[in-house]
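Read from first to last, the chains carry the letters A, B, C, D, E and F; within each, the first residue is number 1.
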Amino acid sequence: MTTTTLRRKVEILVDSPLVPRIAATAAGVGVTAYTLVPTLGGAGHGGEWSDDQVTGADSKVIFTTVTTEEKAAALTDALTPLLESHGLLLLISTVEVVRAQKF
Amino acid sequence: MIASPAALLSPVILFFLLGAVAAFARSDLTVPEAVAKGISLYLMAAIGLKGGVEVAVSGFTTDMALAALAGLTLSVLLPVLAFALLRSFGRLDRLNAGAVAAHYGSVSVVTFVTGVEVLTTGGMPPAGYMVAVLALMELPAIIVGLLLARGRGDDAGAGAGAGGQSTGSLLHETLLNGSVVLLAGSFVIGLVIGKPGFATIAPVFETGFRGVLCLFLLDMGLVAARRLRQARSLTLRLALLGIAMPVINGALGVGLAALTGLSPGSAAALGMLAASASYIAVPAALRLALPQADPGLYLAMSLAVTFPFNITFGLPLYISLAVWMVPA
Amino acid sequence: MIASPAALLSPVILFFLLGAVAAFARSDLTVPEAVAKGISLYLMAAIGLKGGVEVAVSGFTTDMALAALAGLTLSVLLPVLAFALLRSFGRLDRLNAGAVAAHYGSVSVVTFVTGVEVLTTGGMPPAGYMVAVLALMELPAIIVGLLLARGRGDDAGAGAGAGGQSTGSLLHETLLNGSVVLLAGSFVIGLVIGKPGFATIAPVFETGFRGVLCLFLLDMGLVAARRLRQARSLTLRLALLGIAMPVINGALGVGLAALTGLSPGSAAALGMLAASASYIAVPAALRLALPQADPGLYLAMSLAVTFPFNITFGLPLYISLAVWMVPA
Amino acid sequence: MTTTTLRRKVEILVDSPLVPRIAATAAGVGVTAYTLVPTLGGAGHGGEWSDDQVTGADSKVIFTTVTTEEKAAALTDALTPLLESHGLLLLISTVEVVRAQKF
Amino acid sequence: MTTTTLRRKVEILVDSPLVPRIAATAAGVGVTAYTLVPTLGGAGHGGEWSDDQVTGADSKVIFTTVTTEEKAAALTDALTPLLESHGLLLLISTVEVVRAQKF
Amino acid sequence: MIASPAALLSPVILFFLLGAVAAFARSDLTVPEAVAKGISLYLMAAIGLKGGVEVAVSGFTTDMALAALAGLTLSVLLPVLAFALLRSFGRLDRLNAGAVAAHYGSVSVVTFVTGVEVLTTGGMPPAGYMVAVLALMELPAIIVGLLLARGRGDDAGAGAGAGGQSTGSLLHETLLNGSVVLLAGSFVIGLVIGKPGFATIAPVFETGFRGVLCLFLLDMGLVAARRLRQARSLTLRLALLGIAMPVINGALGVGLAALTGLSPGSAAALGMLAASASYIAVPAALRLALPQADPGLYLAMSLAVTFPFNITFGLPLYISLAVWMVPA
């Protein structure tokens, strides 16, 4: 049986124009691998929205990265001040991976 | 004539109304976002090309320089006026007032394009260089709006910390906003290829323009009405300003054009530019530069209030003003 | 003439066949969904506009009222007939029989549009008001199908509980289905702008129509063939009904048109409407109104069996019938 | 280090036309914030499918919401009768969030 | 309260042209139900990428399946040799489901 | 004349440059992927149709058979030459050298299409059957490249294990690649419908072609420049080969065409086909057949180096060569 290792998955829901900033913040704490997943719409305290590529202002993506416990914590610390001001949603969960050294 | 409500019966406007009615009635009609974005790229390329080709024919003139100067002046001053109104009458905090002001100082490509269609159909086409004026007017208001939003620097939150951004990178990102690059680039291509080069691509960029615009305005009607329904932070005072500001700005635009000696068509077009509020270049830039400002607010005002007002009542109004103020 | 198999060699049909062959051969050719949706919106706007413009020219006539009445009658009665066949010969349970019946009582815009192209090329164009008949025929069958599916109310599951839906909200959702709104709205716009207003947008909505239809039918060929390959719940009996029902319905449509005194072109078009099965408005409405019915089944029948049959063999057949039954 | 709190993530794979109904059911148990994630296709007992925006009938989205244990349970209870009849897929997992009061 | 059961969620980030191969490998170990989720772009050791449907070579999707512990392990074993050569990313996590017999 | 740098000033090329400049300047301009894919489908359908219609008019000729033979010869031999260069000068391992070689032996539809536009505008249009030659040249190089990559079978890793693939399924997948099917299928449709059938869809597939090509090349410029910026495995030696190989292959193509007795226009077109490197059919096939090869490498070379070189400098060069080598 293949051995798996525990890692942390961090998912950040962020407005498309702000993705480069999140990527830069992540790189600042050593997190350089990520995948972007699209969204179609949603609702929250700020009301309902649906994907709007024309203005670009209402288009959100999920910045997803799998990394070590330490780096995940560092990324969370670095992003916490922005959660409110930039309207981010941040989720952390535990996943198992093969080839642990990759993450 | 074209200033009459009959302009409301053009297919372009009717498709906008159809979209708005469908969204208000909660129909599930939607245009896929990728397609809407594709059409908006097409419209910007087409308008840029047409403007460039016309300038290639007419050559650079004093008129053109004066129009450019008038446009720049408006895009620097209008946000200041808007800011004052939004703070006082609108009761907005400084951050959001600056953000909204940037939108009203900048311009809406689709409002302009629709206005040009109405003007051309009505026999008073604006000069081709007005497209260059449009491109020039997209950006300065962003800078002014940001300065206003950030105030005397005591507003530490705005732009500071990990979310901060140097003025250099801001300028870079604004100047290189996709829509600005496409519009300006197509204008230059139009200049280079001139009439003969344009002939081979005219079936797509000229003959097809009005029909494609119909489909885009159908989507704009849907988007504007849905946004109005979903708007949470839009107060009555702000909605009123969303109608008052285009009227004031449009009148100032036409007035300045009259002083500058532009033709009636070009004066109406400058009025439309002044009256219109950006909903493509500015929101994208501000989401980066002022992430703390509320996009729900500035898009509701520019897209859900001002844009529909301009498309339906504003355009004929600015044309009337131009006919009245500018000696033909 | 046009009723001959030569109609199969029109580019529109050939692109449909190309798509079907590619999908059967398991090619990875695909049209992005957003683009396919965009094209279908374009086709509905174009067909609506053209119909409206033609009625603006011809005015409202008795013929038109009679055609509308014939269409409505068909869309109420055909689902009942289809339901009986699906229950008896098709061995379907009541729920799914009602759902499928709704599709066959309603109409397929693309079948109609392709048929109009074939008729027009062949020199027997239907009247412009047939588009209005098309719009009228989209919805009644949904109501009839639902009544049939729900039976005498003893079928407690259907429509009850958290999944249930009041008749009011159902009517609302059906009436405001995106494709119905776009088709009817464009028809009204066509009526308002008439021939002169249409001229400026005709390059997109008229000249380009047939070419764009080719691309759409390429996608329909891919989608229909893939759906046929993936269909699990399609029995041989149901597949046979998927061919028998359009033939029966088409004959009834042409026959009623002949009694009503429509022109041969319009009679053929009514036959096509009767024969066609919806795969846009009805599936979307039923997914809401009858979530327990199997979409794999109703889409396989309407999209993977009846649509290809109609496009290839059905259209010439209904035209032949019209030529034969209607005194020219 | 930033404090995180445990919450429940509920993911519901649902046909696009049924999303408003799921949103209404969720609102009924007090779950008003959600995000919609698109899908491209899949396979299951009902056979293979791929996104089909033209008919709309074969277009599925993932209705995702992060909420408290109680509300997640209430949402699951409310949706369970629909799972079979409406062809829904429902997954629940545990995630950590910052700013717990938001969820 | 509705009873839920623990299952394993396996997420595989894979280049679009390779999806049929993953589906075949999964079917080989008895995993026949899955859902495909799109992506927009990302970054890793191989550099940055963004969705490219025209060449098809830079278009990745997430092959997601929820299954039993055993089948998840079998799938992981079957895919491990391909992770490096085919540039796959494989994540395993735990989720709760209703109607356990379905998975 | 058309071989002069003036060809660079065609709108099609200028839009490519605009895209490249925007991407290098890190503008956020992007064309939605679904729209880009939709446009590329349109271009392939259009080019296939046009070729088929022209052959329907001219009939099958000896010239055509000779051109096909020349094309096939090139697509078998060019990958061998490329492989040798990539292994020796390029210092690539066998696997990746074989993968890259397959791209250079195959062809780029958009390079061809752009070249045909330049040739036609310049008054030396190639024969219609060159589209058939294009379709024939897409696949053989894939097989040759794979044989080279796998070597004498001692390269156990390549194609073995769970990732392996039988030659039969490989052939199937390659032959049924979406772009090949669409191109060949549209060619056959063009043959069947001929000039009269094409007339009704020409507004979309002919009149609109050049304008749509502008929008596609805008996207290609963006994509190529972004890929160049992101390329990690591209060494200077490989970049040099990305320019040298098209020049060598182009010269060989024009030379063989001259020997075969093709017209100057067709010779230039064969040179363009030989010089171009695939970035649609081959990458998709190789991702399946050689998953271990680095897509970042082969796409960087074909799309980010060779494609821009061909579009800007290559096309005029191959035309000059054809004018010089082929007696007019």
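The criterion applied here is as follows: a contact is a pair of C-beta atoms (placed from the backbone, for glycine too) under 8 Å apart; a residue touches a chain by one contact, two chains touch by 3 or more.
This one's a predicted model, so the numbers in the text were calculated from it and none came from an experiment.
**Q** Roughly how far apart in rotation are subunit B and subunit C when fitted on CA atoms, stated in degrees to the nearest 5?
**A** 120
**Q** Among all other chains, pick the one whose mean CA position is farthest from the mean CA position of subunit C.
**A** For subunit C, the chain whose C-alpha mean is farthest off is A.
**Q** Provide the C-alpha centroid distance between subunit C and subunit F, rounded to the nearest whole angstrom.
**A** One centre to the other, that is 41 Å.
**Q** Using CA atom averages as chain centres, what separation in Å is found between subunit A and subunit E?
**A** Here the centre of subunit E sits 19 Å away from the centre of subunit A.
**Q** Between subunit A and subunit C, what is the separation of their C-alpha centroids in Å?
**A** 45
**Q** Of all the residues in subunit A, which ones touch at least 2 other chains?
**A** Answer for subunit A, listing residues that touch two or more other chains: 17, 37-38, 53, 93.
**Q** Give me the residue numbers in subunit B that touch at least two other chains, ranges are fine.
**A** 28, 32-35, 37-38, 203, 208, 284
**Q** Which residues of subunit C touch subunit B in their complex?
**A** 32-35, 37-38, 41-42, 45, 49, 172-173, 176-179, 181-182, 185-186, 188-189, 192-193, 197-198, 200-205, 208, 284
**Q** Under the stated contact criterion, what part of subunit F meets subunit B in this complex?
**A** Listed in rising order, the residues are 9-11, 14-15, 18, 21-22, 25-35, 38, 121, 203, 207-208, 210-212, 214-215, 218.
**Q** Could you pull out which subunit A residues touch subunit E in their complex?
**A** Going by the criterion above, the answer is residues 1-2, 4, 9, 23, 32-38, 61, 66, 93-99, 102.
**Q** Can you check the complex and tell me which residues of subunit D touch subunit C?
**A** Touch list, subunit D to subunit C: 15, 17-18, 21, 25, 46-59, 78-79, 81-82, 85-87.
**Q** Where on subunit E is subunit A touching in the complex?
**A** Subunit E residues touching subunit A: 13, 37-45, 60, 62, 73, 76-77, 80, 83-84, 89-93.
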